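Presented sequentially are two complexes of chain A, the first with chain B as partner and the second with chain C.
Let's look at the complex of A and B:
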């Protein structure tokens, strides 16, 4: 008789004596996991549909804009304007991905498994926030990069043209980062309040869309000051106002910035910073309190 | 080394509900059964040990560390299996346990290796690549145990690990816990409201009720003191009872049986001697182990 082959030997339990990584590695692991979750990587095929559909749309739009520009030489949209034009998609992306990142964990009760590990609670919240900010920035930044590459390879001014183009791209990417930070912090805070993903998604869409009419109403009020402050009424308009103040022509061509926000630019910047700061603070507070069951 | 120690540990919620009241207990490494009725304060105690809850007053140490001041150090060396459902349904067991291993600070490849090892130890093999949502309760409990084990802790805190399992599942889970405590060299605290269940695998029992300590002792010490010998003779039961009483043995009757507390081996000799002297036909003489449950049975159930 031949020796039995392929026998699995039970070597028993092995103690682990190797390195245990510190806080930043753990934070990084959670952040990367969140970023992958945002795009459905390492998840079921169903979870990949929505993020990649949205990503596909923005890339196709960017490719279209690039094609138009190379063929006709007409700049339909600047890099910065691209983010504003995609605002609906960004809202829906946050409404789906935000709850995916935090509400799911609340519902499944997995938080006690995290918080019984050396991970501080604040790190959990910040890693998830970082993941959502990065996902949004990639969503708005990747198409801008496509537009840049298209423009850079077809420019007629040589290296100088590429350089000018890069000068336009960088503010666009910064503006995309502003979008990402504001939308992620507001969206994630709302999502962290409920374990039901549908409620969370509805809440996020409501906050971003229902506040738009406020801006509309304020902007047709008879007072000029009220008109100029109207864009404080909704996060989307707030971002636009900050962009108009800081980027000027890149976002609002023809020097109409003054008409829209008057002298309140610094106020808009301050409010945006305060909004993000308070959302992050509330998010951290939420995760200090959230029951570990 | 002391595994766990608490000193006058008190936890009240909002100043009204008392979960733990002046609990002082100290246990050595091994398998520790933490028993008490629902609401006795078991889960509260576990959360304080993990540093998830701050005690209202009193002191606590786990593995020589203080979870109130250094929770991260405690949690790095402790594995926790919660009572409730805690698994995201769309991840596979392998992915989840690997991810949680990384959150415990294991490098990426090590986390993957140890996750499949841990899942193998709890008895999940090929199914570990399927989504957890499709698992049976027994398999879910095993995944919860595996994630507590993945980072090779020195202490496992298991909150009602047999919850929702059928009798066969319970036996398998208890056997697994026993194996972890003995072969793996990891101390285990098992919470349960079923004393009969944990007494089989534990070497130390801590019983709490209404947040107060009922008793904490090694199981051996609890049972040996209460072991009794059951004697049955075909005839002359009365005579034997009288003779044993004359030998200063506190004998009691239970039907056709005579029960004699087992002090030491000499008790056997005394009984056998008495039976021989009276020339009675001895039917049986055996040792009855008192169930630990009987130690608590006489206590008034109190409700808080």
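Let's look at the complex of A and C:
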């Protein structure tokens, strides 16, 4: 057996000696990238079509409502009701953005690359979730801001009027945040199950749309208790019930909240919290297993 | 059964994700049976179940997933080349795929709608709903099949049609109902079995003519598009 003759040459590669930014910077970068992906920023024009189509529609609707209000003084929709009226567009937006955020990574198999960084698996899922929540909140919040500006500049009561208007806007924005959190956690969980964007989009729409008629059926059942609990049947109605309980007149004028949900307000809040918590938990569980194959 | 339709059917059923199609019709059945057994007035539960869930959600969503799947899935993963390079006339590719898509969607939707229709009113309503939804499945499948040849994102474009055009605009702008497959299906079902449960503003001849027009037009366009189809990798 001869002596080994191989030599390792030092060909002058430099090591990285700069600062290492660590976990939270990875998280922040992933979140920002996710938020930009949601609106197709930094990508081709084709990727911008669908998100901005939805954004355009809600802004046009908000501008129309503002115009009606400034011309006739009639409030067609409060800020909180705006989110409810846009529910189908929100579903469509989740179906566009959710698969874009997670399904592409699953299909192209880049997850092992992500997880070889100092990035715990949970962080990846939470950053994507955060991006979707923020995008949805912007989708519902921006038009409300347009409506607020329209109302604030035409108010007859001076600064006091602006202040009252702001008092109406803030619950509306909080309600939009509730929409964003519930829809993002349910939608992203469904999207993370498949790598095919087409199937993910179809699944999200199917889940949100097929649950709506359940509420319709439960609310005509011959039992008062069942009627009052009907809104547990679908995420959209659940959000509405929580909003009706917490916001009251801002969402359901004329004090009809009692007719709709009875005394079950706290139950609705609990169920909403549980729904979000279980969806996030399942999402984290999913990312503990995914890409291990 | 031609080889193309055999391949298409296997592509649809061979994967586990086909099971995702089953909850929708199952829910329709469950709601109809529960409402019936609790003795709720059919005039109250009929419209939300038959139209609100059956014709407005289950039919378009199932047809969308199946219709874009028969050709779009092959285009997505590139295996469409194997069919395109065979010496087959293009219509022998499009028509079997359309037949499979229509058959699968119609079977998935018409059966639960028939049962729900029988429970709501009469066998006649059940048959009317089944026949009309089969025609609707044909129209939707033809439309979504040609969409998967015209664009790279057929599902999202199909959702724009289903959610925004039929769902959102159909509710607020009455005129758009004339150009909505959902309303044509309702009109046809109401013609076959006149009841109080279904109602639409679209007249039956208009619905019949437009349905035929969509089916024929989409199929011809799909055959023509497939003639000069270029297989490109995914961009953006």
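Everything below uses one rule, namely that the second predicted complex is superposed on the first by the 277 of 293 C-alpha atoms of A that agree within 3 Å, B and C clash if a C-alpha of one lies under 4 Å from a C-alpha of the other, contacts with A are read in each partner's own complex, and residues count from 1 in each chain.
Please note the rule applied: a contact is a pair of C-beta atoms (placed from the backbone, for glycine too) under 8 Å apart; a residue touches a chain by one contact, two chains touch by 3 or more.
This one's a predicted model, so the numbers in the text were calculated from it and none came from an experiment.
By the touch criterion defined above, A:47 reaches both chain B and chain C. When both complexes are overlaid on chain A, the residue A:273 reaches neither chain B nor chain C. Of the two partner chains, chain B is the only one touched by A:114; chain C is not.
Of the two partner chains, chain C is the only one touched by A:222; chain B is not. Of the two partner chains placed by superposition, only chain C is touched by A:210; chain B is not. Shared-chain residue A:166: touches no atom of chain B or chain C. Of the two partner chains, chain C is the only one that A:96 touches; chain B does not reach it.
With both structures placed on the common chain, the touch criterion links A:67 to neither chain B nor chain C.
Of the residues of chain A, those at positions 43-44, 47 touch chain B in one of the two structures and chain C in the other.
The part of chain C that touches chain A in the complex is made up of residues 17, 20, 23-24, 27, 31, 34-35, 38-40, 44-45, 48-49, 52-53, 57-58, 61, 64-65, 68-69, 72-73, 76, 152-156, 159-160, 162-164, 167-168, 235-236.
Per the touch definition, chain A reaches chain B in the complex via residues 12-16, 18-22, 25-26, 29-30, 33, 42-44, 47, 104-105, 108-110, 112-120, 292-293.
Against chain A, in their complex, chain B makes its touches with residues 47, 50, 52, 71-73, 75-76, 78-80, 82, 84-91, 95, 99-100, 102-108, 110, 114, 117, 121, 131, 147, 151-152, 180, 183-185. Chain A makes touch with chain C in their complex at residues 43-44, 46-47, 50, 53, 57, 88-89, 91-92, 95-96, 194, 196-199, 201-203, 205-206, 209-210, 212-214, 216-217, 220-222.
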